[in-house]
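I'd like to ask you about the structure that follows.
Order of writing sets the chain letters: A, B, C, D and E. Residues in each chain are counted from 1.
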Amino acid sequence: MDVTTLIGILVAGGLVVSSILLGGSGTWFVNYPSMMIVIGGTMGATLLAYPLREVMGVFGVAKNVFMHRSQSPSGLIPIMSRLAKKARQEGILSFESQIQRIHDRFLVKGIQMAIDGMEVDEIENVLSTELIYLEERHSLGSEVFTTMGTFAPAIGMLGTIIGLVQMLMQMTDPGKIGEPMAVALLTTFYGTLLANLFFLPVAGKLKTRSKQEILHKQMVIEGVTAIQAGDNHRIVEQKLKAYLAPRIHSNR
Amino acid sequence: MDVTTLIGILVAGGLVVSSILLGGSGTWFVNYPSMMIVIGGTMGATLLAYPLREVMGVFGVAKNVFMHRSQSPSGLIPIMSRLAKKARQEGILSFESQIQRIHDRFLVKGIQMAIDGMEVDEIENVLSTELIYLEERHSLGSEVFTTMGTFAPAIGMLGTIIGLVQMLMQMTDPGKIGEPMAVALLTTFYGTLLANLFFLPVAGKLKTRSKQEILHKQMVIEGVTAIQAGDNHRIVEQKLKAYLAPRIHSNR
Amino acid sequence: MDVTTLIGILVAGGLVVSSILLGGSGTWFVNYPSMMIVIGGTMGATLLAYPLREVMGVFGVAKNVFMHRSQSPSGLIPIMSRLAKKARQEGILSFESQIQRIHDRFLVKGIQMAIDGMEVDEIENVLSTELIYLEERHSLGSEVFTTMGTFAPAIGMLGTIIGLVQMLMQMTDPGKIGEPMAVALLTTFYGTLLANLFFLPVAGKLKTRSKQEILHKQMVIEGVTAIQAGDNHRIVEQKLKAYLAPRIHSNR
Amino acid sequence: MDVTTLIGILVAGGLVVSSILLGGSGTWFVNYPSMMIVIGGTMGATLLAYPLREVMGVFGVAKNVFMHRSQSPSGLIPIMSRLAKKARQEGILSFESQIQRIHDRFLVKGIQMAIDGMEVDEIENVLSTELIYLEERHSLGSEVFTTMGTFAPAIGMLGTIIGLVQMLMQMTDPGKIGEPMAVALLTTFYGTLLANLFFLPVAGKLKTRSKQEILHKQMVIEGVTAIQAGDNHRIVEQKLKAYLAPRIHSNR
Amino acid sequence: MDVTTLIGILVAGGLVVSSILLGGSGTWFVNYPSMMIVIGGTMGATLLAYPLREVMGVFGVAKNVFMHRSQSPSGLIPIMSRLAKKARQEGILSFESQIQRIHDRFLVKGIQMAIDGMEVDEIENVLSTELIYLEERHSLGSEVFTTMGTFAPAIGMLGTIIGLVQMLMQMTDPGKIGEPMAVALLTTFYGTLLANLFFLPVAGKLKTRSKQEILHKQMVIEGVTAIQAGDNHRIVEQKLKAYLAPRIHSNR
């Protein structure tokens, strides 16, 4: 698991738990029917809104995103530069023997098309199409979590209204509404908690990760088309550096 | 009915119903005037906002979407590949005899235009126009449901205000406000329930389905124009695969 | 008045009125100062936000939209097809004599420019500019109503706060707050009612109508440029059909 | 001051004031500390968000917008038509003597570039760049007011929470919470009032005015480039009319 | 620190503090567990949503933005004009000796590419790519603060619900709920305060600064490409002035 996620979970979760324990019994906040209506209702609404396969896939994606680190886009520049040099010295066909040593599937696909002799425009076209639809699938992932983050508090409020109606219907002594009102509030508590400390942050993380991966792939496209067009390795480097922050010279 | 929808309805509906029954009498939550004001008010506002024909059509669309499965876009690749091979071996006119065996109306239209000798650009133009306006009609569908999902809680709140005003106007003993207040809350309950467990999920489903259908049609356009331009069947395959997730090689 | 609008008004209005009458006296919901602050405040805010001429014009537009039916875009196809045939048989100049029989001002303008010998690109340019600015004026209309639908509940809440402050300032016996609190809620009631059963639905209707009119005009542009470019009448038909839903063959 | 603004202020302000005076003492609604926290907090948040010079400039812009009338775009058509005629008869250089009689700075700049012999593309380029950045500066103006309209109710709510905490902390007799609660509500009242009857309407007005000015300038660009390209004065007229509503022939 | 920020902090902070002190004891508003849950929960949610490095980087950016003044874009015009003159008189290679006297890293990069003999299109391409990705990184910064401004009030509300549940669970005498309710409200107070007087204004400031820096860099691109294309220095000036407000001649 990457460190930030761990820190985030520990900080946020720890504070909520300790604030609950400091103020009284922790069992006040455990109510299984309330949990079920919020989690179940949110999942139900999500399954109505998205195909089952997408919802399941999204959880796999979420797990990967939290477990693995993304590739560093700056590591790509020396690789592309070396390929550009080799291409001008020995021709693109010389990549044939090296191609299994490259682990980046997207880069391999681009180089393979170059070896196959496809034109620069067509290579760019195919890779860009793949990138566009990758972006669409990624955005589906963060969209599913955003949707859950929108449904959860609404379902929580629904549960609270159910609890309030039940409380009001049997209310005889206004002085004794304390406990049923507290229980009614629990669904809103669960819904707000899930939305703000799980669904919405995960949606945000998926969006950030997606941007990183797309930046990486856009640099691959720029590099492969530059190499295929016969650009000098220094121009390839300059073109790729434009994608990255000039950390040293600038104040940003 | 597709399985996800069934699961979604069972999970969400079952939990709401059981949470209602666990906490007291189920009849507390049945109030016909309250139901009528929420459902009727939402329908009324929707009929003011959209033409009757659109609203009716949207319900038909919604039914279809929940009943039928969408086509698999990956099934399109071998079909297009076979057509590309045949086109290069026997010419595009040879499709004439096969065309009634293809069930995809959009593909048939594209092939027919190719047989009729229209140019690549014009075929792409006509098919893209059809796709753009299909997308617009689809988005109208999910827009109508989103609109209903926005009106329902607002109308519910309106009903609650009406109930509160009536309660306050005849309030003599603050200790007896329990029941009229519970009844006043019911319209908010219905509005929130309808919005979050029906209108908004359906709007989401329509959007997802629309994206799938558009992806499918975009692949048809790419394939037909590639075939008409005389592309080799392996290039056609590569172009179409770019639209789909590389499930095996990549970690996404 | 078109039927949908009538149904919408009857359903929504009727339900609100009957829910008011069922629960007590209807006069509880009539409070002229409250009405004036909501309607007047909303109009005042709108007049600050938009020029008087626009606000007045918008009401005229709204009246028209509810009174008149829009043109059917499918009715345009045979007209354009006939014109295309005639253009190829007798030349575009032969339209001169027919032009006063066409009622569609936009089509007449397009044909007139064709007769005047303007090039295809220039005709498309002028008509598209007109379309873009028509769209902008239309969107102004629905924007004004959306703005009113946003101001109305806010002004209603403002009125409720004024009422609450006045009630709290003179509160002596907490048991007697019923009536002034009910009156304070009335402005929120009016604001919510106006927004959700009038302003926002009308804004939605204007948007829908605008899309229909723009679709119609886009088909005119496509048709006129195709005719001027000398397209065969069957190609003109095919191009125009792409704008419309294939209701018979497809399941959407 | 233009009449609409005056009407808007009178209607909205008058109604709020009379609704305050009808229900009790006007002094209930005057609380200087509450006013200061809302106005000061909103200004403080705005000064954190925008540079001082921009905030000050925005107030100047707002004053101008309410004081001056915008130019009529339809008045531009005869001017451009006359220039087009003159350009074809006497050449563009003949404008040199007339240029100081034109008051529209943007038009003068366009004509000057034409006299200087810049090419059509370059003139369009320079004028469009100016238009894009003018639009950006305008949108900054309405953005500042929208921001203030978002901060004001939030700061108002903050003040109300402060008041509630203070009231609850010293609450001994629940029957005496009337006055402090009313005072606590006043910040929400001021925040809502400022947002809905001042900041947001002004933001809307700035947006409307900006659109008008941009439309005007876009017509200048179209006209100047058409003249420089040697278009006939009737074509210039037709091109410019496309920007305006056909009030007479159409029902919009 | 720039003056506006200082004024903003003093005005907003001073008013909040004095409104707290005027109404009672300042210690009522100091509650360390409440502060921790709001600040910690917001940071936790943010760390779940963004990589640690980004969140840390964003704080550095925020510090810089408040400390340093941005460059004046109008100061760029005489510099570019002088370079344009020199380029036409002595050739672009004559810049070689001057390049270390220019402090603007982006301008140096552009000139260096011109000296290296890259074509106008390629220079524009590389610089625009750098600008696009700079914009993306900037928008990440303001996005992180906007996210925190959205999470803070939600976490505050979560804390208030926790407090309410705890109060209701041990409520025996409804007359004594004052203090625990006040404490429960404090998390909402902190959340609203942080969002509206820190996170959201900073997000706004980052957006404004980013726009200024991008305007500046866009002018550099325009200038360098114009110089490389051999434009006369007066045309370079005119092109660059189009980016700036015509403060003197126009009323905006």
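In this text, a residue touches a chain if its C-beta (ideal position, glycine included) is under 8 Å from a C-beta of that chain, and two chains touch if they have at least 3 such contacts.
All of these numbers come straight from a predicted model, not from anything done at the bench.
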Separation of mean Cα positions, chain E and chain B [Å, integer]: 39
Among all residues of chain B, those touching at least two other chains are 174
Draw the chains as points, connect those that touch, then say whether the picture is a line, ring, star, complete or other. ring
Considering touches as defined, can you lay out the ring of chains in sequence, from chain D by way of chain E? D, E, A, B, C
Parts of chain D lying in touch with chain E, wherever the complex brings them together: 33, 36-37, 40-41, 43-52, 54-55, 61, 64, 68, 105-106, 113, 118, 122, 125-127, 129-130, 133-134, 136-138, 140, 147, 151, 154-155, 157-159, 161-166, 168-171, 174, 213
Residue set of chain E touching chain D in the complex reads 2-5, 7-16, 18-20, 22-25, 28-29, 174-175, 177-179, 181-182, 185-186, 188-189, 192-193, 195-198, 200-205, 208, 211, 215, 222, 235, 238-239, 242-246, 249-252
